[in-house]
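Think of it as A, B, C, D, E, F and G in the order they're written, each chain with its own count starting at 1.
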């Protein structure tokens, strides 16, 4: 019984993940510039990777035909999820920082930009 | 068979590598340069002792090829070092020559910065070369070739502030990496079809089903471990040999892949030039010999003649012959117009490697035992002769360079008169390389000529003579420029002979003359008795048997 | 069923690896080329995964996705960015 | 497009097509086969075989077993190749010192904090891969290269000089590297040395007892699969690889000004 | 239907959806147009592939394959760091 | 064509194309860094080839990685293992080859930096024309 | 010395737990190797990672962290995800992006990082840059409802800040 519950919860999480994934990939394609695409990528990493990894961990705990190594599967997935949750935002942040500082990506459309103003003020 | 006897065979490349591993540890503790000179000297002497011991074990104690199994695993499962006459002779050559080179380095690199790294790389170089000639495993050969390559690159780039040295390293390493990758692909093809990477096993598999009739034991033994062939072995062998030859000809600087050598050899520190020209390029020749004679030699499936009368191996042999001939002619022609003394010697190396490859290509389908024996003996003998001769020549050039500070022979005019011992060594080494009768070089060229004539390649035999004749002009120019003119006044009293290189030259001259004398009194016959059977069926049989006998002793 | 999907996955990643390798070689901007080669390496890692070689994936991803681009970026930073004619 | 370039392209196309033709004719056999090659079957069967103690390598992992037991020599010299590359690079950079006087710039504080946290997480993953090299995929080299992430991140995020101030200096790394390599070497000839002492025959790179050499590294320690020499090899290789990568990356990230004081 | 079959069927239904998402990511990664775009797409792609590989290891019944995912996630993060450091600093080792 | 063969041929074709691309990069591109990148692609391709050679498709079920996972009933599990695991030897060879390739790449990278310090460019065409 | 040893304790415990978790087994081998690894890592990086050993060992803070994670996943993330997905799939794609200055008021690095990562991890807001001295985040906001930093702080990060203060300060 406990196996079934674990598997069903896991599957639900994986389903959420797939949905987020597809939405994120569509967003990646449709959004107009790098800065807006970052938000889509966040959907892809948190909703599309961390949530299904936890789901997989739960599923694996329920799949007793996988043998004792299923605990390894579960543990490693959760550690991977934690790592992604820790590292992915930093990756996005440093990329955005680099793109903004070096002017790598077009900023339009952008309503206002406090960072640019701040930088201009500091250079004066 | 007592197995503890065999540890010397397996341990020597390992020992040298571990010796190189320890150097960084020592470099933190000990800053004195003297220590590293002594350290390298000790380990090259140890290596020499072990190579002599191995020569003794293989040729005198047992008189047949000896296999050492790492980890105690039987050959196709584990890696085996199979040392036959050829391997032991070349191993001995490496041991002796590297000792000379290390002694010379002690003098030449006495005050150089970073000498500990230099010796670490030199020890790795020696380990890799001994590993190449001893190994009985295709993939291990690849690893050792890579080790050889990386230490050679590092040594060529040792003078990091010289533009030419870095450019030479770039040329050498970029294409070298491509070539060795191709060799790896060739091993993949071999494994894909034969299901093994062991040389003896490949040799058996390549001779199926013919070998099962004559040597059923080996056939059964190896098919128990690695099955029979998968797929189409003929095509796979062809493509694998093409790839492998690309790598080997690159290492040996044969014609289409020769471009790196005239840059790399002169730009390295002189002892390294001696090692590169004397030994490293020979590893390409040795590997070609091993692959084309022992593994895919006569009687193998690529030796079966097709409709046109030529077998696939004949085509490859012809290609090797032609490439060798082109290298021999081109190397000696370009040598004439050079002014840089080390460049002249480098081009001479290309020419000599061409000769060696012509000897390798002399054996065709249907060659008799006499031809095979003559060819192999000639090739090995020429490798030995050229190795000593070129080592001596480079060492001599190093003395000139250190004395005057230039490599241009026009600026070295007359310097030779100030250094009598060195100049004697130069003349003798050049005569040896040229092949003047009482010296060893003559006999090996004669043997090569003989082998080519015996196998019916008259044109190539003529090319051999032609190449020697052309290269005479180049050697003459060196002698005329350095020794004949009057002594330059500004150097009188400034440059003097140094005791270390002079002694070394005396020893090397003695070696060269000794080889000449020995070959007159039966040395050639002795060499033939040791290496001659490589490539002929009894030699291959003994090579394979070395693995089987272990099996029998375990049972 | 699983075989067909595996095949589709493989096709996707091999085509991507080819395109990425092509772009990495053609591209004149070295930084871009390095990023494309990282894509190509990641795709190879997935091929290794599907070919059931976890050991190789474990060593290949660090080496080819991690260290090689790092080294190439170091080299590019210290030399020049454009691969011009 | 230059003429030479077109020549190159044409020759490459011909080369590739001939290669593909040969493969399609069965140059590699039928791909993929139903059964693995005979040799592979032997490897698979003797990786873990408690019933034949003289014919087994002591681990569940066939690849690690091949790397460090069946074909240990290859891996040893592969380590030597890596060592050679590092030594050659150190030889090019001989005399270059990293000054720790100036302050390093580093990246954004967020990245710094998270990297500090990952200093705990990543070494654990690496250590787990190394210690379980004979049980699960992975081994010394894999673990070492995973641990290199920490080094790369630290160099990039904190700056090289910060690392040097914290005590990660070139001599220390060389020492670590050397110790790892010597460990590998000693493990390789360990049984030979032990055999010399006891008076028993042993092979280089021997792991478990063989027919003529009844001496072996421990396979089991009280019901736990210990892995014999595989475990030692993995740990030493882990240390050696990590130190090697650290050294190389440190050399790479020395600033040009510092280098140009010595070189050229 | 046993639990095992049910899990396998579920993963098989999810599989094409993942492939679809990957295709879109890959298009973005190869199209660019700027370098951060490509890197960001690789980022998202790799993290998603990490989750996907975890699923694959269930369906291939080899739980040990999971070790790969963590490594993938780690190194792709390192790639971000390199690229951004390349663009924001004068030297990579500062 | 059977499905497993199709899988193999898809990979083989892409690998061959990549091999050609890498060779083109090595021989035709002027920048040394680009050549180095092409070499890494080349060696990666060769490695992928080796792994493909070791792949197999068992009669039943899916192939397994060469790691013994189940030892409860030794005879049965080892039989299953031999029947399903892929070939470990090419993987071991590839592992060695990857490390070797990386070592060579590292060294060449150092030499390229040194080349730039001495020549001021990494474009071989430029240095070739300037020296003549 | 004592501070360093103290700092290594929480690091070692954390390492040990994660090691066992990652290995997924409680065998003797894993426990022994885990202990060795934990001690080594704790001694090596303990004083770098842990700023204040007392705080790191506090159970109350750990409990708060757990609550925060649950709340964050169930409420903040879900809302943000739905919002961004809606925008991505909407045919007209309504976007109103801006980079806005958001002040924060916590003292430790860990708290700051927690806020920044929380902001970035919720789709719709990404921290582009930060002013470390004056304590400002510059946040790229997909749907800029206001241009006033204080109001933006109210909408974006005030809740995260509360928790961050409790957990790390």
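Here, a residue touches a chain if its C-beta (ideal position, glycine included) is under 8 Å from a C-beta of that chain, and two chains touch if they have at least 3 such contacts.
Quantities reported herein were computed from a predicted structural model and do not represent experimental measurements.
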Mutual neighbours - chains that touch subunit B and subunit D alike | F
Counting C-beta pairs in contact, which comes out ahead: A-E or A-F?
-> A-E
Report the chain whose mean Cα position is at the greatest distance from that of subunit G.
-> B
Cα-centroid distance, subunit B relative to subunit G, in whole angstrom | 62
In whole angstrom, the CA-centroid distance of subunit B from subunit E equals 49
In whole angstrom, the CA-centroid distance of subunit C from subunit E equals 13
Chain centre separation in whole Å, for subunit D relative to subunit A (CA means) = 31
Provide the list of subunit B residues touching at least two other chains, using ranges where the numbers run on.
-> 139, 143, 146, 150, 153-154, 157, 160-161, 192
Subunit A: which residues touch two or more other chains?
-> 24, 26, 38, 40, 67, 69-70, 72-73, 76, 79, 83, 86-88, 90, 92-94, 96-97, 101
Residue numbers in subunit D touching 2 or more other chains?
-> 19, 28, 30, 33, 37, 39-40, 43, 61, 63, 71, 74, 78, 81, 84-85, 88, 92, 107-108, 110-111, 114, 117, 121, 125, 129, 136-138, 141, 146, 149, 152, 252-253, 256, 263-264
Which chain pairs touch, all of them = A-D, A-E, A-F, A-G, B-D, B-F, C-D, C-E, C-F, D-E, D-F, D-G, E-F
Subunit A - residues contacting subunit F, complex = 67, 69
Hey, which residues of subunit D end up touching subunit G in the complex?
-> 108-110, 112-114, 116-117, 119-121, 123-125, 127-128, 131-132, 166, 222-226
Under the touch definition given earlier, write down the residues of subunit C that touch subunit F in their complex.
-> 2-4, 6-7, 10-11, 14-15, 17-18, 21-22, 24-25, 30, 33-34, 37, 40-41, 44, 47-48, 51-56, 59-60, 63-64, 67-68, 71-72, 74-76, 78-80, 83-85
Touching subunit A in the complex, subunit G uses residues 18, 21-25, 77, 81, 84-85, 87-89, 93, 95-101, 116-117, 120-129, 131, 138, 140, 142, 144, 147, 149
Spell out the part of subunit D that touches subunit E in their complex, as residue ranges.
-> 104-107, 111, 122, 125, 129, 136-138, 146, 149, 152-153, 155-157, 159-160, 252-256
